[in-house]
Every structure is written in C-alpha cells, then in structure tokens.
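Here come two complexes built around subunit A, the first alongside subunit B, the second alongside subunit C.
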Partner chain A sequence: MTVVAYRFYAQLNQVKKAYNLLLMLIAIMALLLIIYSQGFGLSREISVTILITMTVLKLLETYSMRDALLVVMLCYFVTMTRFLYSQDMLLVFYLLSSAFVTTHALSVLNHEKSLTWFDQKQIKSTASSLALAIPFAVLFFLVFPRLGAPIWGSPDIFGEGKTGLSDTMSPGSIVELFMDDSPAFRVTFKDGVKPANNHLYWRGPVLWHFDGLTWSRKKHKYARNNIKQYSSETEVEYEVELESTGQHYLFGLDYVVDAPEKTHLLPDSILYTETAVNQLRHYQLKSLLLNRFYQPLSDFDKTLLLDYPVQQNLKTLTMMQSWRQAAANDLQIVNRALQWFNQSEFYYSFTPPPLSGQVIDQFLFDSKRGFCEHYASSFVIMMRMAGIPARVVTGYQGGVDNGEYLLVKQSDAHAWAEVYITQVNQPGYWLRVDPTAMVAPERVESGAREIMDSKRNFFDFEWLKNSRESMDKYRYQWNQWVRNFNVSKQQALFRAIGIEHRDGKSLALMMLGILFTTALISLLPLWWLKRRKFTALQKLYLQLARTVKSQPELYATHHQGIEKFAAQLSLAYPQASTHIDHFLQVYLNARYNKGHKNQQQTIQHLKLTLSKIQAAIQK
Partner chain B sequence: MPNKQIENTHPNQATSTTSIQQVIGAVGEKILDKEQAIKTIVAALIAGGHVLLEDLPGLGKTTLATSIAQVFGMDFNRIQLTSDMMPSDVLGVSIYDAPSQSFSYHKGPVFTQFLLADELNRATPKTQSALLEAMAENQVSMDGKTYPLDEVFFVMATQNPIDEAGTYALPQSQLDRFLISLSLGYPDQQSERRLYGSQYLTQFKKPIKALSSPAQLSAWQAQAAQIHASDEVLDYLQLLVHKTRNHSDIQHGLSPRAGLSLYKLAQGFALMAQRDFMTPDDIQQAFYPVSRHRLVTFDGRAAGDLIHTILNDTVII
Partner chain C sequence: MIRSLFKRKLNQFLNRRGRETLPVVFGWRRIYVLPSKAGLFFALIWFLMMLAGLNFNNNMSLMLVFLLFGLAQVALHKTFFNLRQLRLEQINAEPVMLGEDITLHLQLAADAVKWQIRSENQFSTDVCDIDQQLSELKLLMPSLQRGMQAVDRIKLLTRYPLGLFTVWVYCLPQAAVLVYPKPESPCPDFPTHGGSEGEQSVRIKGEELSGIRTYRQGDPIRDIAWKKTAQSSNQTWVKEFNQTQGKHLLFDYTQLSMNGVEAKLSRMTAWVLAAEQQQIEYQIILPGFDSGMATGERHKHHCLKALALFQSTESPTSIRDTTGGATSPG
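Right, the complex of A and B next:
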C-alpha cells in the first residue's frame, strides 16, 4: 500500500528516481521479512509471497514503458497463482475479471494518445481481445500435454491446508464441520441405486486411544484382507469424487471390499492413501452393506480397546460394573446402554454446555446434552468399562440426493461406535452401534440437515440453502469436465477424434499445429475484410504489370509509379512502346485528372490497348 | 573588398515561346549526364523556390548555374561568400552623396534575377541570415526603407560538404528557406570521356542561347500553380510526409511547410511532363530533393537512404 501511495506521489510530484542502492536495500529487506514471516524453504506460500511483493516493489522503479509492461505481465502471473490454491468454479469469474483489469491496463498502456481508463472504446477493445483469447485458452486446455498430477498438488513441495475430518477427535472438533456447508465428496452409484439413508455410513478415521479429552488413531503395520460377498449381502458399486482434504483418508461405505489403486486398506477398514489428497480425487469402490464385520482380534489390540483413563469418571465406572454383573453377555450390555440413552433424558444439541475435567461423568449424569461426538465417545468408554472392546469411528453419515449424484457435505460429519462382540464357539465380529440414533433417530434417518435446519438462524434463508445445493450441481459438472480433465480423459478425447495414444512431444507439436491453423482460420476473415479492393482501373494496371511478371527487374513493385514502370517497359519492348505510351496517357488521365472517373468507355479502351501491348510483348 | 567577385552576364533576350523540354535539353548539352538534376532545378524555378547545391568543387555547379541563367535569359550575379563578408556586401549599402547631400542606396549583388551564392556556409551567420531573409521576403530592408527584388528572383547556393573548417553550418530554420537541395555527383564514365573531347570543349566556351525568358518563366509558374491534384495523389503526398515523422531513425520529420514545398515542386514536374494534373510519379521525383536537407536523423547522417526506404515502403497502386 505504501509503495502504491509513493508511486502516486512520485507520479504527481515528478520526484526523481530513487537510487538503485536504496531499491536494492528495500528489496533485500522485503525478502528478509518474507523469510521471517513464512519460514525458509521452497513452499507455495513463500513463492507466491515473493512474487506479489516484488511485483508491488517493481512499481518503485517503473518509469519507462518497458517497466510498465513488465508490471502488467507480472500481474498476470499473480492472477495465475490464485489457481495454486483453488480451482473452484466461482473463482474463474473472479479471475476473469482481474484478467480483464490487467488486460485493460495493457491496452490503455499500448494506446498512444488517450490514457483514460473509462473510455468506452478502450473497454470494448479490451473485452474483444479477451474474448479472442478464450478459444485459444480452451484449445490449450484440451491439447496441452498434461502432467499426471499438478506440481502444486505434491505435498513434498507445497504443504496443503487440511480440511474436513482429522484423525483426532476432541470436544467441538466435529461441531465446526456442522456449520460448514461445503462439499466433502460426491458419490455416483452404479445403476443409480442409492442405498437407504441408514446404510450410508461413510467410514473415515477410526479412533482407538482416549486420553480423557482427545481421541486418536492407532498406527497400523498391516493391511486388512479383502472380503468376499455372500449371497445374502448387498453389494454396491460407486464412484467417489473427493474434494481436496490435505489428508490421507478416503471415505467408503461400511464395509469396503478392497482398496483402490495406491491406497492401503488398514485393519480397521480405513482407506489410507500413499500421498495426501491435495486435489480432486476420483476412486471407485465396492462395499458390502453390513453392520457387522467378522475379524479376529489380537490380545494386544484387545487390551488397547479396553483401555480408559484410570481414576476418572468413577460414577460411570461404577454404573458399568453393576451392569456387567447383571448381564449375561456382551450384547445385553450394549442394548442396555442404548436403551439407557433412549429412555433417559438425553437431548441432541449442537450447543451443549462446555465440559471439563471428567467429561464422561459430566456428560452422562449432568448436562445430558450433546451431539454424535459426545454420544459415540461416552458410549465407547462405557463399553470399555464394561469389558467390551470398543472404538470410535468418524466419518460422514447420509448425504443429499442431488440429481445424478449424492452430495455429502462437511456438515454430514458424524461419529459412531464399533464394539467387538465375542460369543462362545463363534468368531468375533465388529458391530456398528450408533448411540446418536437412540437419542435423535432422525439424525440417521434423514441426515444432519433436518436437525440443522431447525437450528439455523434468521439469516440462513431457505432459498440460500437451495441455491447452495443447486450451485453444487454446477460445481459437480465443473469438476467433471474441467478440474478432472486428466491424462486419461485427454486420451479419450483424442481417441474420439481419431488420434491414438501420443506422448508429450507429439502432443505439443499437434497443439502448435492446431494453434497455427486456428490462427489462420481466425485471421483469414480479417484479412478478407481488410484486403485492398482495387478499382477497375487499378486492376488494369496490375494486369499490365503482370504481363512481365517473369522479369523481376521490370515487374513493378507496389511503390513504383506507373510512369516509371511504363518507361522501363517501353525500353525493354520498343515494339510495344506506342501502345504503352497510349495506355499510360489514358490511364493517368482517367485516374488522376479532373472529371475523369472510371468511365466504362475508358476502361474498355484501356482493355483493348492492354491486349495490344500484351500481343506486342509476346512477339 | 578583397575576396568579393561579382560577375554580370548580359542576357540576350529571347521572346519566342519554347517548351520546357527544349530548355532542359539545351542545358543538358553543357552539363552532361545530369538530366534529372537539371529537371529538378527547372522544376524548382517553376515552383518559385531556391536551390541548395551540396557538392565537391569542380563538379559543374557554376557551369550549371550560368547555363540555367543564360537559357532563361536572366540577369546573373555571383557572389563568393567568405567569413569576412558583411551583410552590406550582399544587400548593398547607403552612401552619403555629397552633391545631393543625402544618402543614396547602392544596390548589392542580390538585386538580380539569378544569384549564385557560392560556398554559403563560409559566410558568418549574420551575412547568411541577411541573404536568407532577402530570399524569404523577396525584398531588402535598409535604413527603414524596403527595396523590392526582381519579380523573378532565384538563388542557387552551394555548399562544400567536405571542407568544414571555418564554416558556419546553416541552421535547420535557414535550410528550410531552400525549396530543394541537390548533389550533382560525378558524371558517368562515358559522359566524362565526352567532356574531354575537343568538340565539347569548343562548345563549352560558347554561352547558351537564351531559349526562354523571365516572362515565360512567370507564365509557367502561373500555369504550374493551376495544376490539379486528385484526392488520391494528395493522400499519397500526405502519407509520405507522415511517414517521415514516424520513422524510427528520423528525429524531426517534414513540416507542413515542407509538405507544401513538395506539392509545389511536384506541380513543376507535372508541368514539365506536359500534364495539367499531378501523378504519384511527380511526387516521387520531388520527394527526395525536398526532404534531403530537411530531415534530421538521430545520428546526424544524411537522410538520403532513409528517403528511399520511405518511398519504397509506400504503396502506390
């Protein structure tokens, strides 16, 4: 800002140029400040910050046309950097408008006389040049050799901000997501069959450890086996389009059959990717819609899953110990706990009173208000106290049917529990238990949406909500066609127009070719409109000139006067000189004298003379 | 006045009407291989402008000047300019006349019809400007009185482009007073060989017969002023002038006054071609002599090549 202000001041007061040394010092200072604030290293943040800072500083030494052009070009780059952060659809409109401003600056700069910003003609010409650029941009987009993944998507170079569910859960971490209406992922079911809402448990991180406040994951070393379908089980196939999260989790319905490419299926059925999801990611999954999952449990894992903070939540512990004694098997305890949640005065609330200290006791016996996070977390601890291995599963529940796909938003985030049931002479299995459903069944039946709606404040209008959802439809199309235009889609496009697989080099060549032809095609009409139009007289002269086209020393170039040409012609062809002279006289008279204007008679006469000249020359 | 030479030729008046071609042909018999230069000078005469000749010594400047004066039957004066000449040496001087007890004005060499000012750049700026002012005003102002020059008044000044020591280069504003500037250059081999032959030498000594007269020149001048220029031709003229202003190598292009000079000279050429209208060829012929001394290049070089580039870059068709 200061720099811009100084620039204006300098412009108005004709201040002398600042010393180069001073400028150097300012630049070095700015660099040091950037390093101080952003840290050292090659990150996206630091690169973009340096670019922007230097662009602004460039204004300090912008005095000539060359500098001004440079600043404008840098502005284009600055505009481009916005895409490193997001490639959202709405952003395109914003960046188009800033590209317009930049282009307008360029066209005003290049315009010789008027330096007004709001000249209608100028604005028009800027708009038209931008419009001209659009087909080329589309062409480049379609044909430019594509990298497997954008460089900015690589976490090694640029760290991404993380969004969505994380692999820890502490009080309030999910409630932030409830307020976030942005899409988490979109699901297209094969054959268009959408399972019932209470089957839509999108599994995310599974949390094992509890320190009294925060839940966290267990690190695994092995992968889970794939599962096979039995006749009675429903299998669904679907494709997920996951928004960038900056994390390693993919989400799938309980329970996924096997892992997609470059993804590990962890023992607790988590899909864990090798590289963080830093761009839109598509994957296909198969799931069996089950609420129980047979899996052996090692003794070590069992002890982990039975662990709870000692000397805490004693009230709950006492209750659970009494339940344990009264119950015949584990399932009875689970059911009793669910009943207890259902029949005691528990309320589903997004604004529960804050808990501190012995949070489980406080929640279960005092406040009794909370949402999925509270219920899942308390339930798991209760089960562990009763000696049943249990863990918290986080993920998303439900989703909005948005026409051809299911939209799952951040606000659909959910937490539920899994308990490990062992019965005599039977293999142990994981059972999904959702205590929230006991308190607020509508949460699971119809999604978080309905509950949220009653909580919305005055300013969240209904139409706003609807428009957000219909906007997501466009965004989905945008993702489908633009953001996700990858190597394979590009190849499919080429195949569709009959070009087989190409490497980057031939692609580049092809692009140049297309560019050239496009330029030619678009310039041809321009040339056609702008081409010189000759009068009948001029055409006759050109015909005369063309009769000696084979002799370059005679053939009149367009800067030569006809008299000079005629003299040379007469010299070369004395036999035709009388005709040439006659032609010259009539032509000059008709063309340049007063009153003679392309009379038909003159032209006929000239044509006749011309044929005589041609005949004489060819002799 | 040591270095001053004044020559006076006595004209033998010719009254018969002759064509311009004959006039040019007559001069061309003395000045070999310089037809275009002669044509240009005659065109400048018809356009009523003055000529600046830039050439090495011995290339026929004086011969050319005397020949033209002779063929037109004009009064001819020649002054050899030097650095110690005063304005009065050119314009004339008022002398006290004892019998009549008054100052009487003695006309200087400028009172003639054809003045050859040799080595103009040797004179001091003061003398230069006195002469150039007389050229511009067609009159001499002295002691509060003005003395008009002859109706037909034509100055041909020469400059030596090489010996620059002790010269005063004409400023741009003074150069503009000359309609055209020319350089004769060496004759070609054949013509030069002819020049040494005895036949030519005897002919050289004879003065040229006056084929024309100042009156006829005035008539031609009036006739030339009537020559029509179509819109197309004027467009071409304007385009040429405009291009001198946008050329990257040219610091100062042609002024509108120079454009008018171009127009006038082209009229002269058109008259010579016996047309009553102007063609682009006329302008092409006039363009070089008119702009040669007027264009200021960035590196101070002569603008000759640039003029040809501009001509070659401008489409006529």
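Right, the complex of A and C next:
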C-alpha cells in the first residue's frame, strides 16, 4: 500500500527514480521479512506472498514503458494465485473483472496519446476483446489435454486449504462451525433413496483421549476389516463430493462397509487418506445404516476408553458410582443417563456460559446449558466413570435435501457418543448414543439451526439462508462441470463426440483443428464488423461493373470512378451508351447532389436502367 | 558473406513490388505479423501460468490461462485489422539542404477508425490515430545527395490494442525529395563579377564601413585595411562595407574559378540564401539555365532547384513540394 501510494506521489511530483542499491536493499529486506514471518520452504503462502510483494515493489522502479508492461503482465499471474486458494463459482466474476482491468491497463499503456483512463471507445474495445476471447476459452478448456498426475510437487502444496471439522474437540470448536453455512460436502444417493434424517450420522474423527478440556484422537496402527456379511435391507450406496478441508478425513454414514480407493478404514471406522483433502474430492461409499456395530475390543483399547482425568469432576464420579451399584448391566446405566438428561433441566444452547476447571461437574450440575459437544463429552466421561468403555464421535448430522443431492453444511457439525456394550458369551458391540437427542430431539430431526430461537448473527435471515441453499445448486453444477473437470471427464467428452483414442497424433490434430476453428470464431465477427459498407447506390454501381466481369481490363476500370468506367463501357458497347449515360447522370445526381430526395424512387429507377443496360450488352 | 547475401535477398523480397505510385492501399497480402517483445514476455508468463494450472489441475487457473490465450488471439486479429485497408495517400516533404534531415509528412487515411498507427525507422518514430479524415505522420530521413533523393522504404506499424503483436507494412513509394546543395559556410562575399549594369569587375558594396574581417581569397586589394594588417602579426584584415538595397547580383557558374562542381554549387547556394535574406535581387546563370533577375521565395526555390538538379543524372518525378507555388515572406 505504501509503495503504491509512494508511486502515485512520485508520479505527481516527478520524483526521480531511487538508486538501484536502495531498491535492492528494500527488496532484500522485504524478502527477509517474508521468510521471517512465514518460515522457509516451498509453500503456497510463501510463493504467493513473494510474487505479490515483488510485483508491488517493482512499481518503485517502474518508469519506462518496458517496466510498466512487465508489471501489468505480472498482474495476470497474481490474478491466478487467487485460484490456488479457492475455486468457488463466484470467483468467475473476480476472474473476468480482473482480466478486464489488467487488459484495459495494457490497452491504455499501448495508446500513446490517450489522455484519460476511461476512454469510452477503449473500454468498449477491451470489453469486446474479452467477449470474443470467451468462446475460445471455453472450447480450449474442454479439449486442451490435461495431465492425469502432476509433473512435480503434489497438489498439497498449492491445494485450497480450508478448515472444517478438526481432529480435536475443545470447548467452542463446534459452535464455531455452527456459524458457518458454507458447504461441507454433498451426497448423491444411488437411486435417489434418501434415508431418514435420524439415520444421517456422518462419521468424522473419533476422539479417545480427554485431558480435562480437549478431546483428541488415538493413533492407529492397523486398519479395520471390511464388513463381509450383511443384509441388504440396511445397505445404502452414495457418492460424496467433499469440499477441501485441509484434513485427512473423509466422511461416511455409519457404518461404512468398505474403504474407497487410496483410503484406509481405521479401527474406529473412520476413513483416512494419506494426502490431505486440499481439493474437491469425490468418492463412492456403501454403508449399513446401523446404530450398533459388532467389533471385538482389545484390553489395551478398553483401558484407554475407560480413562478419565483423576481427581476431577468428583461430584459426577460419585453419582456414576452409585448408578453402577444400582444397575444390573451396562445398558441400564446408559438408559438411566439418557433419561437423566431428558428429565433434568438441561437446555440446548449455542451460547452456553463459559466453563473452566472441572468442566464436567460444572456443566452437569450448574450451567446445564450446552451444545452437542458438551453433551457428548459429559456423557462419555459419565460412562467411563461407570466403567463402560465410551468415546466421542464427531462429524455431521443431517443435511438439506437440495433436489438431486443432499447438502451437508459446516453448520451441521455434530458430536455424539459411542459406548461399548460387552455381553456374556456374545460378541460385544458399539452402540451409538446421542445425548443431544435427549435434550433437543428436534436437533436430530431437523437440524441445529431450526431449533434456535434467536439469530446466530445479525445477518442470519431466513431468506438469506434459503437463497444460499438454492445458490448451492448452481455451485454443485459448477463443481461438476468446472472445478472437477479432469482427464477422465475429458475422455468421456471425447468419447461422446466419437473420439476413442487419446494418442498424441489425434490430440495434435484435434488441437490444430480447434485452434483453427477458434481463430475463425474470433476472426469472423471482427471481419464482419470491419468490412466495407456500401450504400445501396454503390451496390448498384458494383452490379453494373460486374456485368462485364468477363473482361478483366474493362472491369478493372471501375476502380477509377464511375465517369471513366461509363466512358469505357459506352466505347465497348455503343448500343447501350444511351442507357449508360442516363445511369451515370442519375447516379451522380443521387450521390453528390445534397438536396436530392426520393432515394427509394431513384434506386428503383436505376435498377430499371441497369437491367436495360444488361440486356443491351448481352445482345 | 552469407549474411550480406541474405540481406540482399531479403531486401529484394521486401522491395519486390518496386516503386509504387501513391495512393497505396495496404491489403492483407502485404501485412507482416510477428509477436513483439512484450508479446514474447506475455507468452512466457502465460506458459508458466499454464504449467501451474495443468500441474495442479486447477481449473479456474486454466480458465484464466485459456481466456488469456483467446485474448491474445483476438488481439492478434484486432491488431491486424487495425492496419488492414490503411491508405498511404501521399507524401509531402519540404526541400532541404544537403546534410539536413528530410522530414517526410505521410498523409494517411482509412475508411474505418485506425488506432495508433506508427511510422518508424532508425531515426525517428511518430504515432497518430486515424479518424475518417487525413492524418499525418512525420518521418525523418537523412539527406544523402544533391538532387532528387528517392524516399526510402517506409515502415508503418501498429501494436494496438494490447501491444502483444507487431503488425507492419513496407512501402517503397514512387516519391523523391528535392535536396539542395549544401551552402558553403561561412557565407563568402558576393562575387565581383556580377551586377545589374553588367560591370564585370566592380565590387558591389555599400558606402558605409560596417566592420573588419580576415582576408578571403578574391577580396579586392583596395579593401585591405593596411593599418590593422600592419599591426597584427600574420593576419591580413579587410574592411567590410554595408550593402545597400536595390542592388542587383549576378551569380555565374562559369565565372567561378574554384575546382569541382559541388564546391561551386555550394558557394552559389550560399549566395542565393544570403541574397534572399538581404532582399537583394539576384540572378543565377548555369550552363543551360538562366533564372532571370528577381527576388522572393519562389525565385529562391526556382534557383535552388536548378542548382540541385544541375548535372544530376536521374530526375525521378518529384513529390509534391509543400512550399511549391506559395510565396511566404521571409
């Protein structure tokens, strides 16, 4: 900003260019500052920052035309860096407007005598250039050969980072997401069969460890087995389009049968990928809509799942110990806890009073107001205190039916609990328990936002939310066609127009063809606009000339003006000379006599004369 | 050698149309197109952008990249159409003295609006927009020889709108500029051999002493300032007299005793200019030419033209002389 301001000042006051050494020093200082603030290494942030800083600093020494052109062209590159962060649909406007501004700057630079920045003709010219370039861009976008895999680096470096649900949960982390209406993922169910809302538990990170404040994951060494046998009644197939999260988790309905490609299914049924999800990602899943999941539990895991911070939350501990003694089995304790949540004065609130110290005790016995994370967290600790292995599951719950797909937003983030029920002589199983549903059943039925009585923020209007959701339909299409266009989609397109093979030769031919066609596309309108325009009179004259086109020498004289041509013509065809003379007189009178009226009549008359001449010549 | 051969062949190719009579309309067949330096830099940046976009399969970036490619193509066409159907109507130039730069005034016209048409050679460049009526571009050309000097090959170019491409035409017009002989400097005294009364040896001079200067060959002995000459060590001084108006001068080529045609012409040119400046009537006589006794702008050009074309072998058709016919004061 300072640099730009300085440059303006310098231009106005004709300040001379600073010494090269000084400029060099400034550049080095800026570079060091960037490295100091961002760390060293090839990352997206550092590359982009350096590019932008250097472009701006270049302004300091931009005094010649050459430098100015350089800066403007670098601006194109700077424009592009925005897309490394996001490829949202609305950025098309950004793309077009900044392309327009930059191109116009280039055009103004190339107009030496232009006095204003906003010459209307020039703006029109730039706009028409861009408009003509668009069909070209679209065609090229579709057919330009794409790379299946990156040549260097991984998309991680330049992926679109974004925060979604993280793999830890501390107080307030889900409430933060609750404020965010941006899409988390979209789901297309096979055959369009959408399960009921209370089945839609989208499983994310499962949290094992609790340090008194924050929940965190367990690091797994093995993968979970696939589910081999199942009844097809509960089976559901769907495809997920996951927005970039910057995390390693994929979301799926409980419980996922099989891991998709390049993904591991961890023992706690989470889908984990090696590379972070930094771009839009598609995967297909098959799930069984169960709320219990049979799985053996090792002793080591059991001890982990029974762990809770000692010497804390003693009030809860006493309560749970008494429950334990009263209960016959684990299920009774679970049910009693749920009942307790249901019948005590608990409230669902997204603005709970802040907790500190012994958070479970405080929440259960004092504040009694909380969000899903509070309920899930306290419930799991309660269970552990009662000797039942339990863990917190985070993810999303529900979703908005948006026509052909289900939209799950960040605000649908949710946390629930899983308890492990051991049975005598039978395999133990995981049981999903959602304590929030006990407090606010509508949360599970219709989504978190619906049950809130107050607005989340000033701009939280119903129509705004609705328009956002309908906007997401376009965004979905955008993702399908633009953001996620890749080699395979391109191949499908080629196949659709009858090109099966994608070898080098046919590609090269195709590129040439496309180049040619697009050149024509942009050439024709220009040619059309720039063609010579003849008046009706001139057209008649040309018609007259064309009657003797078979004689090149005579025909060529028509360039010298009608008088000379008429004379030559009369000489060649004496039999038509009277008509020719008449044509000449009427033509000259109509063309050059300013007071002349009755254009239409004259043209009719001339046409008649012309046909007479033609008849005479052909004799 | 290959280089000079190549250069010759290239020149032959570029001048293949020979000298053309004006007006010349530049159709598409004679337009040359190449990317400019800025265009090459643009290509480099574009290529980097494309690599980045392809590598990370970033479709929005690729969209921008292809939009820019389309833009470049449209710019190419626009630049081309900007020059197409340009007319070089005529070339005007004022005669110059040998050694001075010739300023060509290129009169351009077109049916449609043309932006930023530029004339360019190694000596000068000029730019103008053409909007329905005649527009003028200036172009400098060095004068090389006395007489009618043919106009060099003219290059008209445009880079508008984006400067990514240079589109240009060459034209070798059927036109020549009159170059007068170089006037001798400093201007020598008027000759003693001429005068209205035909006095052969009487020096035309004023009555009043105007100053003293060093001796030049041909000064009459009676004008020598003996006193001053005796005082100085090795200089001979001559008294100079004011010339009063109303006198007549005769500059006769055959009476000049110097060696070389050019030196004689050069001296006569200087005299003509000096006489014209002092508003004295004068007459020049060349073998086969007699200007008659007169003064004024028109007479001056008449004389100078005769001097310029004296014994010059070629006499191509002259281009329109902007001052021809007009008698402007001074």
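One rule holds in what follows: the second predicted complex is superposed on the first by the 476 of 619 C-alpha atoms of A that agree within 3 Å, B and C clash if a C-alpha of one lies under 4 Å from a C-alpha of the other, contacts with A are read in each partner's own complex, and residues count from 1 in each chain.
In the analysis below, a residue touches a chain if its C-beta (ideal position, glycine included) is under 8 Å from a C-beta of that chain, and two chains touch if they have at least 3 such contacts.
Just so it is clear, the model here is predicted, and its values are computed rather than measured.
Put subunit B and subunit C next to each other and count what each touches on subunit A; the higher total goes to C.
Using the contact criterion defined above for the overlaid structures, shared-chain residue A:H559 touches subunit B, although it does not reach subunit C.
Touch criterion not met for A:A536: it reaches neither subunit B nor subunit C.
In the superposition on chain A, the residues of subunit A touched by subunit B in one structure and by subunit C in the other are 532. The touching residues of subunit C, when paired with subunit A in their complex, are 37-38, 41-42, 45-46, 48-49, 51-71, 73-75, 77-78, 81, 84-85, 111-112, 115-116, 127-129, 159-163.
On the side of subunit A, the complex with subunit B involves touching residues 532, 534, 538, 541-542, 557-564, 588-589, 591-594.
In the complex of the two chains, the subunit A residues touching subunit C come out as 66, 69-70, 73-74, 76-77, 79-80, 83-84, 87, 91-92, 95, 99, 103, 106-107, 109-113, 122, 125-126, 129-130, 132-138, 140-141, 144, 146-147, 150-153, 155, 158-159, 279, 482-486, 518-519, 522-523, 526-527, 530, 532.
Interface residues of subunit B facing subunit A in the complex, by the touch rule stated above, are 228-230, 232-233, 273, 275-281, 284, 311-317.
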